[in-house]
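Dropping the structures in below, format is structure tokens.
Both complexes below contain subunit A, partnered by subunit B and then by subunit C.
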Partner chain A sequence: MTTGEALRKRVRQTLRDQPYPTVTVLSSLLAVQDDMGYLTEEAIQEVARFTGTTINEVWSVASFYLNFRFTPPGDHTVEVCWGPACHLRGAQTLLHDILGQLGLSGEGETGDSHISLKLNTCLGACTQAPVISVDHGLMGRMDSERALKAIQGASHPRRRERRHSREVR
Partner chain B sequence: MTEAFAVLQRKAQERWRELNSHPWVRVGTALCGQAAGALDTLEALRAELTRQRVEATVSQVGCLGLCYAEPLVDVQLPGGPRVLYQRVTPDQVPDVVQGHLVHGEPRRELALAAVEGSVDGVPRLSDLPMFQGQVRIALRNAGHIDPTDLDHYIARGGFEALDLALSKMSPQQVHQHVMNSKLRGRGGAAFPTGVKWRFLMGAPGPKKYILCNCEEGDPGAFNDKGILESDPFTVLEGMVLAGYATGATNGFVFIRHGHEGPIERTRRAIQACYQAGLLGSHILGSSFSFDIEVSLTGESYVAGEETALMESIEGKRSMPRFRPPFPAQVGVWGRPSNINNVKTLAYVPEIVRLEGEWFSRIGMQNSTGTAIICLSGDVARPGMVEVPFGLTLRQVVEEMAGGVPDGKRLKLLQTGGPLGGVLSGELLDTIIDFDEMARAGAILGSGGVIVASEDSCAVDLTRNLIAFCQLESCGKCFPCRLGMSHILEVLERICRLKGRPGDLDLMRRVGQNMQVGSLCGHGQLGFNPVSSALKFFGEEFRVHIEEKRCPTGRCQGPFVGPERTRRWAHLHGESPTAAVYPEFVANVGKV
Partner chain C sequence: MAPEVTIYIDGKEVKTTSDKMVLQAANDAGIYVPYLCYHPGMKPYGACRMCVVEVEGAPGTPASCTLPVRDGMRVSTGSQAVEGVRRTVTDLLLSEHPQGCLTCHRVDLCGPQDICLRHVAVNDRCIMCPKNERCELKDTTRYVQMEQHSPLTYQYRNLQIETRDPFYDRDYNLCIVCGRCVRACDELRGDVAIAFTERAGQALVGTSRGTSLLESGCEFCGACIDVCPVGALVERDYKWEKPVRHQRTICPHCPVGCQINYEVDRRERVIRAIPDLNAPVNLGQACYKGKFGFNFVNHKQRLAHPLVRRNGELQEATWDEALTMAAQGLAGHRGPSFAALLSPRATNEEAYLLQKFARTVMESNNVHVASSSPSSALLEGLGDVLGYQAGTNPIWDLEQAGCVLSISNNVTEEQNVVAVPVKRAVRKGTKLIVVDAREVELTRYAHLWLRPYPGTDLALVGGMLRAILDEGLADEAFLKDHAEGLEALRRSLAEFGLERVAAETGVPADQVREAARIFATSRPSAILCALDNVPAEQQRPCARALAELAAVTGNVGKPGAGIYPLVRGANEQGARDMGCDPHFLPGYQPVTDEAARRLAEGTWGRALPQEPGLPLDQLLEAARQGQVRVMLLVGDVAAHYDGAQEPLEAALQGLDFLVVQDAFLSPAARHAHVVFPAETFAEKEGTYTNVERRVQPLRRVFKAPHVPEVQPDWWTLCQIARHMGAPGFDFSSAAEVLGEAARVNPLYAGISYRRLVESAVPTCRPSTETPLPTQVEYSEAVYHGLMWPCPEASHQGTQRLHAEGAAAGQGPEPTLQNLAMGRIQEGAGGARVQGQPCLVPLDWAATPRSHDPQRPLLLAMGRVLQQPQRETEVVRGKGLNRIQREELLEMHPEDAAAASLREGQSVRVIASGHTMPATVRLAPGLPRGVVAMTRLFGGLAVQLAASEAADPMARVPRLDVVPAQVEPAGPPA
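Right, the complex of A and B next:
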């Protein structure tokens, strides 16, 4: 576990290293979540300090956008698209089978924290519906069999390279 | 021509000649390609080229629009035909490399089309059903150039318009071309772009903003991301021209966080433009300066609404602002701003280069130019096409995209994003034209067309659309925030075959309140999916409610959606307020 101070240091570094010239509360929160995988209490405080605003203000932004999370994600992220194009091509069947396999009833982490399941409103590849993504690698024209195999193979080393660094070291 | 641009153009043309004088392989790695496995194919290709010791340039390109045939690999030998191979799996890569690149023999069995030159037994690209009838203006470079390589863009006529504008035209003349083109905004509202620009021209400086909207939250629409992934330069050039015409100084390209392809390619394109002096101070040695950066937003559909977009750029919650004041007076950070969609801006360079009248002659009288249509759902050839206004939906859906596969009947179309609504297949003969479509009760929106076969259930699809609208309500206006939840709850009930006699009237009442009581389009149009579905498929709703059955059987089993769309599931009571505020109910008591 990282101590509070080490965590704060890392957050401050991330905030300074933001790639875009215009720095805002939102850009700061996105940068921290990209780095850590989620937002901690300390991160919210540091963003408030860095952007010269209140913790309240930062919370209001963090709690608004659907992509922010406040608990650590699983080791791997699986996203399933439930947009209308994927819906028509069988996303619900896919979802039911994936949920069954993972022992989940909706979005969230598996008991062993191995996998985070997220429902995405549109992964942007509607022509390949139904689409899922495993550790941010898109996979289209999915059926349950291929999807479950891809999720099982999520710890495969080559896939691991493609994902963002998520763990707090 | 400016001295600076002459140098850039000479260099680009030399590089382009050089590229074409060696074996060149292009792999489509836009989002559609990636989802089809293009990255694995690319990896296999690189390995195979090394193994066979073939020296070839490998470029990652964007989307040609033939998404059904992805992953696409496009092979060209100097002096030979340029052949497009379809659905290339890593296993097939050695075959293509060995056959075409080593022996110079195109692999006909795997080929989809000849892009340039001809190969016996392989159709020409322009003869493919999906390409026939296309007029590619915004997509002119898509699939042909490396979207991060400025030389590719310049070699194909890129930045000629900007050079022309800065050396020979006044800002008013650039604006006049856009006026003459009769270009209308492609984000959905179809407002005349020239008129919008004039609002900004009249606003005081010194700082004014051009905002490019690529939030594109509409499921089923991917043309904005497609353009930025395939040719971000045309959008950037369009923004600089817009800046020159209106006296703006800064630009933002607004993209949703997480879509790495479009973000990364746009970022690299911006960098390349700065290095070449096409962005920054004194562009091409002129007195005009303009800066562009990428602005990322979190996941929020409403962030695509123009005033919510400005809130998001400022780093706040993306909730719509009251209008007036309009963005052209009080925009981002209180400065005058102009918001255009990606597609709108992508047309601007060609409009300036080839003159506004040229553009106005394409398409229809009041819908000039082309429509960029994204086809998905139950069609044989899902993809993206750019067609002149005036074709019918049937021509696009049936002739170009091949209609519904397996001999099934086309039941409904979902156009214009979730707020656009559900349309009957009877509307297929509607002409693609902003006004014609509006008269028929259809919305072109930003160009998404999702096709559904006879197997689909109109009620089930409507529930999916409303679940999206409910999830994405920003919460600022209570008629939208509560209304969407209420309607979703009722639809859920109907889908579970537990609908009640008054349910349709109840939804209509809530829908009317949302329409009159909401600040932005999300609440105002949020009832569209239900009202349009009721109009065309009322009988299906009736059967669900009165006969307690779903004719297609699609409504069986619980619907899984994001947590926020499922609050009803935890309810003891039946109140929509409780659905949205379980904490309130728990703490304060029964509502």
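Right, the complex of A and C next:
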């Protein structure tokens, strides 16, 4: 069996296991992303087959939402808030230092796929500005030193258990 | 009908109906409101904001395409505020679209902007756009008088132009994201081969992950190109050519009879095909054949002069020499040793003349329309039961069907536009039952897909009939009127026990029963049938059974019901109507009937042969045996007889004398003694009769300048007859021929060429000065044609056979407007069956299993638009993209076990002289003895687009079921 076929089996299983009463293209895409962390070409195709639409329609939905990703995520997610409050409290410097530390020039994965960096317009804790989150755990009143330490601390060898994005927060 | 309301647009009183949007009401009243995303036939969308208006007493400037009319509404389309908004909208649109053609300072100096090379940036130049000077965006921008200098800067998107898919190019640098193409593909065609991608400022049109159209599910119908207002989507052939005029005629590729506007350039070449928006047959749709398959009319290899055989070689000759030689050669062989074959692309007039020539001059009833579809058995079978050898209902009736039974046909590829209303109906909840061993495109939409052993359709339909009668699902009114015939039918159905049917067809009895129940209870139910792969001796009974299925369930004579016999040739129906059949004179009058002969003899002034001619296969055999010595072939006969190409050529080889009229030196013509160069459909006048019985006029689009001597086939036929001294062939136009045919053929009695052309209803539209989508611009009038029977000149034709009142006549014709609104028309649903169908008992017939010991299995080759569940790789090399993937061979588990094959094993499939590698997949749903493979339509599209043949669309490979052998793939040699 090709790896593609094994992947398809896993996707099909995920699609069948959706617990919601209404199964849509969107719910199917979310289910697959929750399982695999991102959407592969096979996933797009299987969702199309499962929902009786075409790959283009599925792609149309998938590419619309910034939440969906099409490349494997890093093992850990670091989000840096650059909303107004954080900005005023020095998020730019923070971001600059984090980017430097990770060797990135913007959002994306580090070369070793260890960390995914995301920018966020508000993590909802403005009183704690500037804020970052590491694997969805909020950390407030950051400075560069503490932030870099936290990010280094996230380099845990065990791969993070993936959960439904709605349960995180 | 929605209630009438009155609104005032720019002070003008406009009467409209409450279901309209303001833009539609304005358009209907001839008031122009600029628009870019709106297109007639699609749902209102409101994306471009170009059609903004002001409404008295309401705030802001709403988009008129999504603004419903309200009684007493006062709308202003040209106030200062409105114009201001429109200019801003234009500015915004042009900030993302090259605009050199509008803003270049030399714009008024250059004249036709096709020479500019240096005044603006490279990407902005007029000549870089294939739609230069025929761009709707540009026309609209000029109309709203945009400022010469936009405050916004334009930046080229720098996207790769997609040029490696078949037939058309996509340049999304020019896209304004109006969404017309996406909506056409989705709403109009039901394919969704393209969609919006990304969002906000990044939003564009594309395919999943930017993949090729080959695997995205594109059927290459070209609907997206036809609606594109800019140069983003263009046909690759003659991409840069500009038309000087256009002419509507009928597409020659299949019996749907789409009306298409062909554009002609200044060098007298047909350069583009744009389906007519208001044609009642196709409502603006076409298919890969119609849209991209017309180039043969311009082909260099077209025959320019008559050829005669001198010293064993075909040499050029004058018309007079050739005609004299043909007349002499034919004169010596009157009687049954003469046979005439007609291309299904010939017009009704040519069909009429050919049979008249064969019967009166050559004294032979051996006259046929050549086709590889079982049209005569199919139509005769329907005639046996329903009284008319034709389909019963108009194509767009299908959108109103409650259930469609699609049996043994490949409608999406062969009669493409018929599949469009079916797919659209399914979206609205119509049940679709597909009966086919092959995986054809409609199976994707099917609620129930039965896969019987190929050719066992008769048993299956008999089983459905039996189940319907047994369960009391038949139409009560019908049963009461036909008690007698019904009893005999019921008795004959005793043979069709469901268990026996299940054993014969391989379809479980409960599935047959379910199909019967859905069909009988979801009225109105319609039937699409082509009898593909049904054995010859069962074709006629099978057609009868299908007609009885329709009749018994009361599905005759109503909108949304009826039966659609899907023959293949463009005018097979018309040719048979006109008597191109060994058994029938024009109007299906039997040649054996003395009264019928008398009638024709009265007009033709000659005694007619009484003995019917031979069926086509026997005729070709007789030619091989030397009983038929002389033949006359009119049109590209060989191209349409591809299923039996070899017997045809073998038959032609031994003839004493062969005359061929063709546009090309076809393989058949190479055996000829005299060859006459013929005009193509695009040069002819005449009529075609489509699958709905609709007689439509062909108009001359152009006269190919490189073959000035060619003549229409009707003219050549007349000349041959006159050279043989025969009276009755002094016609000066095709219209005159039709005039005589109408006197002989009672079905066509009220039809005349003049009536067909002059009955066109002009469409109301704003002045010709305003910018309009090309399709709208070209659809100046609606040509309804006339549907036979049309017994007299005041008769409006018969839309539905066996119906009374509005349902029969020119009642509610489908129009774009009410299709777009998703409104189902109210037809006269309760009309009683008038023509008294006659039930014929069915005889059980077992379909022979393949007994070829070498090829014990039947290979059912399928083809679909998309198969997302399969791994597909698109190879992007030089030339066109190609599909590469592992082919799966579906096999019944028991067949696999018998051959010691297992799931996933690599095998070789040997069939029709080819060996194909494949991987076994066990499929318990298949009947035993059948293996199935399914390929993507994209592969076929590449093959057609890359073909070197002059007219590849006439020879699209069909999905035949063939004996096959499966063996394990050995180690690689």
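Rule of thumb we're sticking to: the second predicted complex is superposed on the first by the 152 of 169 C-alpha atoms of A that agree within 3 Å, B and C clash if a C-alpha of one lies under 4 Å from a C-alpha of the other, contacts with A are read in each partner's own complex, and residues count from 1 in each chain.
One rule holds for everything that comes next: a residue touches a chain if its C-beta (ideal position, glycine included) is under 8 Å from a C-beta of that chain, and two chains touch if they have at least 3 such contacts.
What you are looking at is a predicted structure, and each value in this text was computed from that prediction instead of being measured.
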(request) Report for A:48: first if it touches subunit B alone, second if subunit C alone, otherwise both or neither. (result) second
(request) Considering only touches as defined above, state whether A:60 meets subunit B (first), subunit C (second), both or neither. (result) both
(request) Would you check which partner chain A:4 touches, where first means subunit B only, second means subunit C only, and both and neither mean what they say? (result) second
(request) Counting touched residues of subunit A, say whether subunit B or subunit C comes out ahead. (result) B
(request) Residue by residue on subunit A, keep only those touching subunit B in one complex and subunit C in the other, then list them. (result) 60, 64
(message) Give the list of subunit C residues in touch with subunit A in this complex.
(response) 191-199, 206-209, 211, 215-217, 866, 868-869, 871, 904
(request) Over in the complex, which subunit B residues touch subunit A? Could you list them? (result) 31-32, 34-37, 39, 67-68, 70, 217-222, 225, 252, 257-260, 267, 293-301, 312-318, 374-378, 382-384, 414, 418, 448, 450, 452, 456, 461, 464-465, 468, 471-472, 474, 557, 559-563, 566
(message) Residue numbers of subunit A touching subunit C in their complex, please.
(response) 1-2, 4-5, 8, 41-42, 44-46, 48-49, 53-60, 63-64, 70
(request) In the complex, go through subunit A and note every residue touching subunit B. (result) 19-22, 24-30, 51, 60-61, 64-68, 81-89, 92, 95-96, 99, 106-107, 119, 121-129, 131, 136-141
